[in-house]
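My questions will all concern the structure given below.
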Amino acid sequence: MATFAKNVKKKVYSYLGPAGTFTELALAQVPEAKGAVHKPVLSVADALADVLAGRAIHAIVPVESSVEGGVSATLDALATTEGLRIYAEYLVPVNFNLVVRPGVKLADIKTIAAHPVAYAQTRKWLAANLKGHKHLLATSNAAAAADLFENDRIDAAVSTPNITDHYAVKVLAKNIADNKHAQTRFIEVGKPGTTPKRTGSDKTSIIVELPSDRPGALLEMLEQFAARGVNLSRIESRPIGDRLGRYRFNIDAQGHLDDAAVAEALMGLHRFSPKIVFLGSYPRADKQKSEHEGNNSNTEFGSAEAWLKRIRSK
Amino acid sequence: MATFAKNVKKKVYSYLGPAGTFTELALAQVPEAKGAVHKPVLSVADALADVLAGRAIHAIVPVESSVEGGVSATLDALATTEGLRIYAEYLVPVNFNLVVRPGVKLADIKTIAAHPVAYAQTRKWLAANLKGHKHLLATSNAAAAADLFENDRIDAAVSTPNITDHYAVKVLAKNIADNKHAQTRFIEVGKPGTTPKRTGSDKTSIIVELPSDRPGALLEMLEQFAARGVNLSRIESRPIGDRLGRYRFNIDAQGHLDDAAVAEALMGLHRFSPKIVFLGSYPRADKQKSEHEGNNSNTEFGSAEAWLKRIRSK
Amino acid sequence: MATFAKNVKKKVYSYLGPAGTFTELALAQVPEAKGAVHKPVLSVADALADVLAGRAIHAIVPVESSVEGGVSATLDALATTEGLRIYAEYLVPVNFNLVVRPGVKLADIKTIAAHPVAYAQTRKWLAANLKGHKHLLATSNAAAAADLFENDRIDAAVSTPNITDHYAVKVLAKNIADNKHAQTRFIEVGKPGTTPKRTGSDKTSIIVELPSDRPGALLEMLEQFAARGVNLSRIESRPIGDRLGRYRFNIDAQGHLDDAAVAEALMGLHRFSPKIVFLGSYPRADKQKSEHEGNNSNTEFGSAEAWLKRIRSK
Amino acid sequence: MATFAKNVKKKVYSYLGPAGTFTELALAQVPEAKGAVHKPVLSVADALADVLAGRAIHAIVPVESSVEGGVSATLDALATTEGLRIYAEYLVPVNFNLVVRPGVKLADIKTIAAHPVAYAQTRKWLAANLKGHKHLLATSNAAAAADLFENDRIDAAVSTPNITDHYAVKVLAKNIADNKHAQTRFIEVGKPGTTPKRTGSDKTSIIVELPSDRPGALLEMLEQFAARGVNLSRIESRPIGDRLGRYRFNIDAQGHLDDAAVAEALMGLHRFSPKIVFLGSYPRADKQKSEHEGNNSNTEFGSAEAWLKRIRSK
């Protein structure tokens, strides 16, 4: 292997860093990334730029939080950057721990470093257990822990479970998130290549702009899915950015490009929409079946096509 | 004739007779029927049976009257008989004349023979011009004229413009229909064969049963057309016949089997419906363009398909 | 009778005659018609004219056959005549008997009188049991029986079960209809008056014209029902009559004018349609519940209205 | 001031501060706020808390940026806080200036303070005009300017046009936003009270949860608007927060609670949705007419209601 490595350039996975954040936990779930270089970068844009420039094979970035909603930086980068494709998704439970420098006790804590999102999601616990504490902003969940060693006035940090792999902190309280079911969804993004095989439990991500001149355009767009029995697991509007009132929609549809129902719906949207971006078909992290309602299975599409051929032939 | 028959087997067109009715006028419009045998038969069922048995190449039967609505006998025969296809449609203006035996004058008329439909459509004229007349039922518009020579008590008949080709009657009053714009639509029916070429001004006829277990099924069916921008020029419900409350729908959609929008809508209906019958694609008699709304032309279907191929390839 | 008439003016029910037809059987089901005058008339138009002129309190006419479909004469009269309202509906099973003059046996039968509809619905039985018979047209199911006594050449008649109340015929074969589940639906029509009370198992009949300038207008019309969870038990197109391609729709919706869902749907249709005719709300003959899907009960409409009042008040 | 406060209780408007940000410019547009106390607060939550506690009559907070999209803090606070109502909206063009301490020239600039959003929206200008500059994060557009006087290493700040009212800075470059049409929309929020009068150019804001058990629920929700001709000017999904895949929708519909079309659509949504929050009806900032398509004006609702009354009366 060592010999081998001399000649072969190791695969790089860029991820929204720094090390010790939830994105690192997502990357830890990627089977193909075992043994590869895990490269933390400063922003979603940087991670995607690494992919486009060939500096990384894939990027791992957050796309949706069950508490905060869609990650705008990711959604907007996917919409405006050409040449990206989603290959997989990963779910990471959002647990927070309260960490301190060794020796610090709960009663000692006056000032807490926390990323604003982490702070918002642990507010109830902190209010109940650390009355009157002061909050200092950190730029990430990992930076909050790092700040313990750079700023003496900080007594504790809200951070991730994996932070202890990176800093010599002590966990004072585990699992302090107010919502115990919070999750963040991450995607693995690369340049266009072979679409992951259909598993029967898949998701297809697209971005669709609405024709601006038609009221009821969103309804019409949804009918393109409904007419083929394709359910959506997510639909999220984002401003196109040129002026108020213009939106594009980030959509996760159930099923795979190789499901005839999905393929036909995509073609319908291509005709309907002034701009559609195909982001990829990939297995669902939650393993739920992606069936299409109302006789829209591949078998039924096949019979319909055979019938059409028959009536066309004579 | 005997000599002739020895060498050549003449093409036969069966039509709803007798000679002298509107169906004969429709048949007169069929270019390919020039010089062929025009065979009047007693019923729509007989005309279609001639086609199925090979006794006639095509049948001409009425399908819809602008005044009376769909012709149930034709609609039901098309729904329940396998192996029929529509090849063309023809429009015949519904004009009626009042005809008499030579020498009879308006003042002499006491009793009128008329088919009930013809009588209904000339009621106002007759009431205004022949007060107190008596009406005798005739089995067809041609029979009404024939009755003049079989029943002395009948003084006049309501009949078709072409009846003078068949009976030595005199036209006493022309164009006595109450509605001057009335039309009947006829179809030319044969066994399945080559579908008439797409002309850009076409119609596709189908019969669709609704799944019985879903409320809102009709709405869902219509959405199969709407999702592909296909307008309907006619939709008519007919009982399936097994019990009250079960219907099949006779539909004329704009466009041709070779319009991708129509083909895809048909396949969608094939999946949706427990039973669909394709009756044919053929040129519209009124020559109106059959365009599909909302970017659903063949060109736009083609681009969408090319795009799908592209995103599938990588 | 003269003496009687001096004191009491008896209620009159006009019905599509003659006596001995299925319509008479429908009238026999009308509780309020017990002891009233049952007046057979020659046509649907005559029955309705009796109502409008005050010669009858109500008319009983057929509106739909499970085999033949909508009764055009009735549907068109309801659409074009102002001042009519439906108060009830009745279902009559369509059974036919083969009747003869006393003494005639099956083996003697060569010629059969039958109304064309009755003949069509008993064709299989007749073909199997009376091979090679001749068919003579009768103008009604009752007239078929009457013809036995007017025309010696007629050996048997296809008629209704109640014909033996009117003619001295003998039933040679019972229940000879090919479809054992055939039914005809009849309506009781009067001048506008108090709408029958809501029973929870009701039907509302309307006639709606579509705006002619919008493709997809039928879909839009159906959405007016769907948006309030109102299912349709029947929808039937009829030509408006002025030219081909223009239709009005005869609709039976589930529920009563006093169901908020129905009332709101009707108002929606009133705004949508260039012409809507309310024909009445009345109990369903089949006693099925008329519930509205998706939280559209009167209770839920009530809560929504109370909520609106609340948010309006401050 | 102390004396003054004894006698008169001045109206307070809380706004997302600090002074010198765009929200202050929005507040400057509020006619009723002239002469009132303008109280800058640290967060959207603080501004709304002031309203709920009676410390402020109204709060001014950002709700949507044409570039960044919905302001999650505001949207989520409106969804989860009871007892808030929107009374008005204001649009503020998003212009940025580059400001410096007096005497500093473009060539001197090495390090720039900027709020991350402001930095993102001026990136192109900065890259073109200040190559190789360093960026330091500021917590607001006003803080960026304030930082000039607290940190010598900072040479310039990206800030708002009104910052010169608050700090002794010099504008070095005007209007440096990359998108010249960027706008932010602000809302004026208070406790429930009298809804602003219908002006014919109004907007109604609501939050709707979808029933979780129905695929196609979003389509159904949109049909509640479509069936009454009500167009949406904005629809934005936000996570409910309990788990991935559950959304609520923030909706701005065209029209006013006193438009019958809007009122009926709201009641329809109340029946349909497990949770609906009415946020208010108020005049549109862009003054565009809020008409309802397809015969859904108040006049047409009025006629439909009158018709319903008529057919109900007899």
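We call the chains A, B, C and D, going by the order they appear; numbering starts again at 1 in every chain.
Assume contacts are C-beta pairs under 8 Å (C-beta built on N, C-alpha and C of every residue); 3 or more make two chains touch, one makes a residue touch a chain.
Keep in mind that what you see is a predicted model, and the values were worked out from it rather than measured.
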Statement: Ordered by label, the neighbours common to chain B and chain C are none
Message: Applying the touch definition from the top, give me the chains sitting in contact with each of chain C and chain D.
response: none
Cα-centroid distance, chain A relative to chain D, in whole angstrom: 27
- line: Cα centroid separation, chain B vs chain D, in Å, comes to 61
- prompt: Counting only residues that touch at least 2 other chains, which ones in chain D make the list?
  reply: 223, 226
Field: Pairwise touch network: line, ring, star, complete, or other
entry: ring
Field: Pairs of chains found to touch, sorted by chain label
entry: A-B, A-D, B-C, C-D
- request: Using the touch definition up top, name the residues of chain C that touch chain D in the complex.
  value: 192-195, 220, 223-224, 226-228, 257, 263-264, 266-268, 270-272, 278, 294-296, 300-301, 303-305, 307-308, 311-312, 314
- line: Listed in rising order, the residues of chain C that touch chain B in the complex are 64-69, 72, 91, 137, 139, 179, 181, 183, 185, 215-216, 218-219, 222-223, 226, 231-239, 241-245, 247, 293
